[in-house]
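Below are structures written as structure tokens.
In the two complexes below, chain A is the common chain; its partner is chain B in one and chain C in the other.
Now for the complex of A and B:
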């Protein structure tokens, strides 16, 4: 198992969650559509993380598992 | 239109930056890194231009191996490709060394527009964009709060003390963007997965034709002499309102000649 690649991938996921929250928080009161979209995007990321399909995450560009 | 974005990868904002007392440089080893939020604004502006006018967005980053996560963030936002200048020989470069390396990398392919943050959010020198424009031989348009391209002309609203100036130049040109120019998009799951298929070209100093006299600690002509904390601020004045709070505040401001 390439744990470095897995660490990097999970860091990307965390940074994406962080960026989505940062983008949405200033608009909680003025742009509910943007906030809802950010929540859906966060949910999508978290669901994929919870699925834990590591081979798919780290797959080569041609789709074969790492 | 071929747009190049110069981006920096910096310690994540939740980290308290530490300075190595020996080298007087920021400690980056084993510190989580991210795409500089200021650079993300330049990436966002480039993506908007590419969506409007077509073309490509290439992100150029100089940094160690741990810069990859930040580079992938830019690719996940939608950048087409990335160039990573990664080489121990580049470590310790000053602003001019960094500019030389970025310019050498940018020159390797045709470009129309170079976008940079006004300054990075870790070292805040703001020196690189001007030096880079000089080395590339293109005009720098700085402090852009808005940016448009029409044909072969780029026009910006340049932030000034009293408002803004409208400034334009023929392409190719370099533009630095301010914090308020946009709100960057965030990487989605689709973007993150798609970014894994995008190209990250890696160059060393030698690949760029640069030697120890140009880059790295040995090529640096700028030296940090001391690093210190700012002096503690004096305590503020607390006014307790016991019926005359307004008068006390007015007197206080009048004493400062503010009213």
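Now for the complex of A and C:
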């Protein structure tokens, strides 16, 4: 397992989650479309995290971790 | 009884340590990683789309993001000592190390109590590593504990709101407390655990299982009573005493 590569990949996903939440939170009362999109983004990213397809994340389509 | 180990180690030192130290360090890191990612597995699919308000939904997403980040930090440490915990990302809930993470959170009340009771145990688990002999583990604690305190506080607030409503809302939150309280106490492990003694010998934990559990009860029981709820019998529904 390439620990460093997995760490970097997860870090990017976490940053994307925080960005979506931070983008939406100030607009919960005035921009429902923006908030709904942010929530969809969060759901989608978290699904990818929890599926945990590490081999695919790290660029090995055959399934063995890079 | 051997003299307790008190040196401070970095990752490069671990391979030179006795096998027992290496085994216990890898085990404690794997369990911590499992618990960090086990939380989001309990509630993301069920609660993120169903929380009462959009603010609540965003807070659920932020909580899951922080737990995933805690997993990442612990997984990095585990990888540095040769323990690959990446399979834990997608492990089925029923195979989680700790019983509290083997089910599913199906209601907003459960999400609230999970933060109030179970994330609080998580804070106790992290506090075990304060001053521990594995320096990289101690270094990640401050940021992680601050975020866990946020989860605990949110869970506490929401649990108290349900209790304050009275009537059926209060009855529902009491029943959820009744269900999760024994799981929280079990998370501290067996009172007579020999492994717990070895963790302490090698400076990987500070307290015995029963000491940590008793401190937890001294903290959480008054909080439950202050909400006008009843503290469950600590001997009912337990697996590890």
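By definition in this document, the second predicted complex is superposed on the first by the 60 of 66 C-alpha atoms of A that agree within 3 Å, B and C clash if a C-alpha of one lies under 4 Å from a C-alpha of the other, contacts with A are read in each partner's own complex, and residues count from 1 in each chain.
Here, a residue touches a chain if its C-beta (ideal position, glycine included) is under 8 Å from a C-beta of that chain, and two chains touch if they have at least 3 such contacts.
Treat the numbers as computed from the prediction; the structure is a model and nothing was measured.
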| item | value |
| --- | --- |
| Partner chain in contact with A:38 - chain B first, chain C second, else both or neither | both |
| First (chain B), second (chain C), both or neither touched by A:48 | first |
| First (chain B), second (chain C), both or neither touched by A:28 | second |
| Which superposed partner A:20 touches (first chain B, second chain C, both, neither) | both |
| Chain B versus chain C as contact partner of A:12, first or second or both or neither | first |
| When both partners are placed on the shared chain, which of chain B and chain C touches more of chain A | C |
| Shared contact residues on chain A - chain B and chain C | 11, 13, 20, 38 |
| Complex contacts: residues of chain B adjacent to chain A | 12, 32, 34-35, 40, 68-69, 72-73, 76, 183-189, 191-192, 196-197 |
| Residues of chain A that touch chain C when the two form their complex | 1, 3-4, 6-7, 10-11, 13-14, 17-18, 20-21, 24-25, 28, 32, 35-36, 38-39, 42-43, 46-47, 49-54, 65 |
| Residue ranges of chain C touching chain A (in the complex, touch as defined) | 37, 40-41, 44-45, 48-49, 53-55, 57-58, 61-62, 64-65, 68-69, 71-72, 75-76, 79-80, 84, 86-90 |
| Touching residues (chain side chain A, partner chain B) in the complex | 8, 11-13, 15-16, 19-20, 22-23, 38, 41, 44-45, 48, 59, 61 |
